[in-house]
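See the structures that follow.
Both complexes shown next keep chain A, but they swap its partner, so chain B is in the first and chain C is in the second.
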Partner chain A sequence: TEADVISTVEFNQTGDLLATGDKGGRVVIFQRETESKGESEELGESGEYNVYSTFQSHEPDFDYLKSLEIEEKINKIRWLPQQNAARFLLSTNDKTIKLWKVSERDKRPEGYNLKDEEGRIKDISTVTSLRVPVLKPTDLMVEVRPRRIFANGHTYHVNSISVNSDGETYLSADDLRVNMWHLDITDRSFNIVDIKPANMEDLTEVITAAEFHPQHCHLFVYSSSKGTLRLCDMRDSALCDKHSKIFEEPEDPGNRSFFSEIISSVSDVKFSHSGRYLLTRDYLTVKVWDLNMEKGPVGTYQVHEYLRSKLCSLYENDCIFDKFECVWNSTDSVIMTGAYNSFFRMFDRETGRGVTLEAWRESSKPRAVLRTRRIYTGGRRRRGDVGVDSLDFTKKILHMAWHPA
Partner chain B sequence: MFSKGTKRKFSDGDEEISAESLVGARVASSYSLQRQSLLDMSLIKLQLCHMLVEPNLCRSVLIANTVRQIQEEMTHDGSWHMVTEAFCNPGQSPSERLVATEVLCRSREQDAEPKLFSVISYEGCREEEVVADETLCSVSVSDTVSDVCLAGRMGQCWEKSELSGVERDEEALEDSSLGSGEDEEIDTEDEASTKSPKTTGQVFGTFEIKNGSPGPDSALEELFSDVDTSYYDLDTMLTGMQSAPKMGPYDLLDSLAPSHSSPTIVSTPKCRSDLNELDHIMEIIVGS
Partner chain C sequence: MEYKVEAHRIMSISLGKIYNSRVQRGGIKLHKNLLVSLVLRSARQVYLSEYYSGACLNAQNEREGNEWDITDSEREKFPPSATECDRVESTEEPQQSEQSEKGRDYRENDDEVKSDQADSTSTLQQEQNQNSSLDSVAKVSSETPPETSNEPKESPSDSAVAESDSTPEANGESHQPPKTQRKRSAEESESGDSPQKRTKVASSNAEESEEAEEMDTSNVSNLITIFGSSFSGLLSKDGAKPEAEDSGQICCDQMLKNLNPWSTAIVAF
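== the complex of A and B ==
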């Protein structure tokens, strides 16, 4: 059903938990199966994940002032670094961000004096002796409780959240503003970027994604619908409307069309784990940028260049506005992004080579190797090649996460 | 693809055209046909963004930018000029005309369909008929009106999302002025021609005049800044009006797709007085 459509995925820092958010406002957390081999328990190599917990994160809401519905769809989930036995994650819909505490309980106290096993109050007269309740192991229970609700911070739709390396703050970005919150404070946030023009008629550019630097807690980047990236330093000023660096690739005059701007719009931006590079996704390519070089990307990878001649139809059916995500692997040596027809692409940064893989439901065996696919764009056609016109544009891989291992 | 109103016309006339120039003409006309259909498509997309859920701002901005781009190109290569020239004073420079102008002029021929200002005013109906007036197509008027309309449209779309009780900044003033516009309009219309552009700015809400500092009634606007004018939106929607007030240049749609046009629901006498009022205002604007 429509409500089950997954709208975001995110591994936690160790990779043993995978959280997914869907259009119905639910979050499902999967946990990696561990196998015990012999006497000692080893981390399972099976790569299977089972449902760990499910909870309703956001409910549909209604903005009475504007007479508009607020969708409960989960736009993003981000895990907080683990500090104790409990785990925390942030989930957001268009307007409200929530902090959830996920904790396990596998023991329960038994032997109360005043309550019986079912919890009913005992008749005092039947109590003849005192005893100390003891903790007994029980079946594992996963409890998820909302700990913070960060509401009323955004007029526009929240597209990104990013936890700061300081472990205390996080940012949330909507179409026109970026706010910084403290994880413990819900009644106010700092506005650090505001690109709303004084006159809304002058609006020509929106924020599409934002992320904190993985190591430097004062740096963050945000991308725009015009294909620019702005790196901001929060030490410069309270309001970071002026960027420290702006990354922009000059337009290729040969490829200019009415769709140039739309396909240059950045749909996702990710820092590399090293913090040295940025990965961006626009409609037809993924690009790697070096933070030290603003004038252009250091690498451009064609995701589905064969769609360039189809831009008009893709504009008509709105596919041109699809927002694909992109990810680095843990060593920053491979980058990955999604495409249509259930295909996704991986690029090796060293060789520059790309491969197309299909997310095929039928191969449900764990650790099955996905088959590589090819799009037929001319020349010799091999068996198994898929023609451009037979691509299924309703099967799009928009969201992705790479296991941290 | 949407093909309304874009019939292929072979360049008839000169029989002695060489094959090359014919091909060239075909290529050129097919390009402009494509461009036109792209424009139509974009406008319809903008119109369709009214729904129960707030439209995607990024998508709307990108589509609006595309429309602007097409308009600019059409203006530069004269296609815009040719269209509007037939109806308006040829002395006008093409670059001053925007989308709305064309509609303004075309609307004369059609049957007083509510257009242009349907967006600017949340009250809807009243101001729409104004467009149909011939005088609006006269040189002096069309410029600024088109500025108003295009700007007004664009503003409305973004503004919808801006209406929030939490925010009471400038932008809300623009919307609120619409809610309070009714009162102010009557005032402005009755007054003599010594109106300042700023006050008329209130009438049109999101007016694009560059000297757009808040008028003397900004305090009044502040009071109304939290008026829920979105109600009026629903109102216009429910009364079957063309409610795409979210986006700027969708007014072109009216001429392209007659089926989308909303029926005239205001009686003619009222229409007449509105026309006079708007006339008045236009003179003032142009005069300044």
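== the complex of A and C ==
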């Protein structure tokens, strides 16, 4: 059903938990199976994830002032770095960010003096001796409770959240503004970027994604619908409208079409784990940028260039507006992004070579090797090649996360 | 020539998207509508440049005539976008914003009802207000003839901005479909009327952007009156092939009205 469509995925820092958000406002957390049976043939972990917890994060809401419905769809989930036994994650819909505490309980106190096992108050006259309640193991229970609700910070639709490396703050970005929050404070946030023009007539670009630098807590980047990236340093000024660095690539005039602006809009931006590079996704390509070089990307990878001639029909069926995410692997040697027909693409940064893989539900054996696929775009057609016209555009891989291992 | 057809199609699709975005859950998506408006603007530029490539001179002459009705403040905005051809060929927004401003003033002096097209640079507020005022207007137009049936896709819509958005519904769109439909029939019966229509487009764009502005002031009742008067003429024609000169005139107006919403729609935000 529509409400079950997954709208975001995110591993936690150790990779043993995978959180997914869906259009119905629910969050499902999966936990990695550990080998507990002691079977000697399987070394390491199985790679299978089972449901750990499910909870309703956001409900449909209504803005009475503007007579607008607020969708409950979860736009992003981000885990906080783990500090104790409990885990914390941030989830956001279009308007409100929530901090959830996920904790386990596998023991319960038993042997109360005044209550019986079901919790009913005992008749005092039946108590003949006193005892100290003890903790007894019980079935694992996962409790998820909302700890903070960061509301009313955004007029436009929130598209990104990013936890700062300082462990205390995070940013949230909507179409025109980026706010910085303290995790403990819900009634205030700092506005650090505001690109709303004085006259909305002059609006030419919107913010599409934002992320904090993985190591430097004063740096963050945001991408725009015009295909530019702006690196901002919060030490420069309180309001970071003026960027420290701007990364953009001049448009190729030969490729100009009605849809040039749409396909140059950046749908996702991610810092590399090293913090030196940026990965961006626009409609047809992924690009790697070096923070030290603003004039252009250091690598451009074609995801599905064969769609360039089909932009008009993709515009008609709205596929041209699909926002694909992109990810680095843990060593920053491979980048990955999604495409159509359940295909996704991986590019090796050293060799520059790309491979197309299919997310194949049927072969759901753990650790199964996915098959490599090819799109037929001319030349010799091999068996198994898929023609461009037979691509299923309803099967799109938009969201992805790479396990941190 | 095929560019024109393509551009026209893209414009219709874009307007349909803007229309649909008004009724979808979650409110107007600023990003998507901005992109759609950019496409709409590009397509419109191509379309108009094709359209006017042969009629620059006529447009210029007509524009002189039209200018006499406008205020001085408007007049000074004219030079930057003197001819339709220039305007179309240039992709600079400033020109277009001047167009819309021009349109705004122009409208006040003009009795003729123009549809709520705005120039690509109209404001979000404009669109919103347009939307609200269009709702009432749309009701007027919805009663117009049959062509409305398959309309919604093609109607230019004024997208409301998420920001200040309290715009109600998509009624404005039903307003548009009749015009779109009529435009087609108008085009079909074009031949002798072409020069007239071409020149009208130039002025209508201005007028339409004016309409956008006017709606901004939420002068709904006035709008209804204005639309009413113009629509009576449209109603009588009912998209039929025009035979007389004045019916041709009305067809021109219809066509112009159709064009206007397209330019206006961009500005929704």
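Throughout what follows, the second predicted complex is superposed on the first by the 397 of 405 C-alpha atoms of A that agree within 3 Å, B and C clash if a C-alpha of one lies under 4 Å from a C-alpha of the other, contacts with A are read in each partner's own complex, and residues count from 1 in each chain.
Here is the rule we go by: contacts are C-beta pairs under 8 Å (C-beta built on N, C-alpha and C of every residue); 3 or more make two chains touch, one makes a residue touch a chain.
Keep in mind that what you see is a predicted model, and the values were worked out from it rather than measured.
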{"item": "Clash-or-fit label for the pair chain B, chain C on chain A", "value": "clash"}
{"item": "First, second, both or neither for A:T138, with chain B first and chain C second", "value": "neither"}
{"item": "Which superposed partner A:E71 touches (first chain B, second chain C, both, neither)", "value": "both"}
{"item": "Chain B versus chain C as contact partner of A:E201, first or second or both or neither", "value": "both"}
{"item": "Touched partner set for A:N152, first chain B, second chain C, both or neither", "value": "first"}
{"item": "Touched partner set for A:Q56, first chain B, second chain C, both or neither", "value": "neither"}
{"item": "Intersection of the chain A residues that touch chain B with those that touch chain C", "value": "63, 65-71, 94, 155-157, 175-176, 199-201, 203-206, 208, 225, 258-259, 261-262, 265, 312, 315-316, 318, 321"}
{"item": "Complex interface listing, chain B residues touching chain A", "value": "1, 34-35, 38, 41, 45, 52-54, 56-59, 61-62, 64-66, 69-70, 151-152, 154-155, 158-167, 170-171, 174, 206, 208, 212, 226, 228, 230-231, 233-234, 248"}
{"item": "Interfacial residue positions of chain A with respect to chain C in the complex", "value": "63, 65-71, 73, 94, 155-157, 175-176, 199-206, 208, 225, 258-259, 261-262, 265, 312, 315-316, 318, 321"}
{"item": "Residues of chain A touching chain B in the complex", "value": "63, 65-71, 94, 152, 155-157, 175-176, 196, 198-201, 203-206, 208, 225, 258-259, 261-262, 265, 312, 315-316, 318, 321"}
{"item": "Chain C - residues contacting chain A, complex", "value": "6-7, 10, 13, 17, 25-27, 29-32, 34-35, 38-39, 42-43, 46, 93, 97, 121-126, 161-166, 168, 267, 269"}
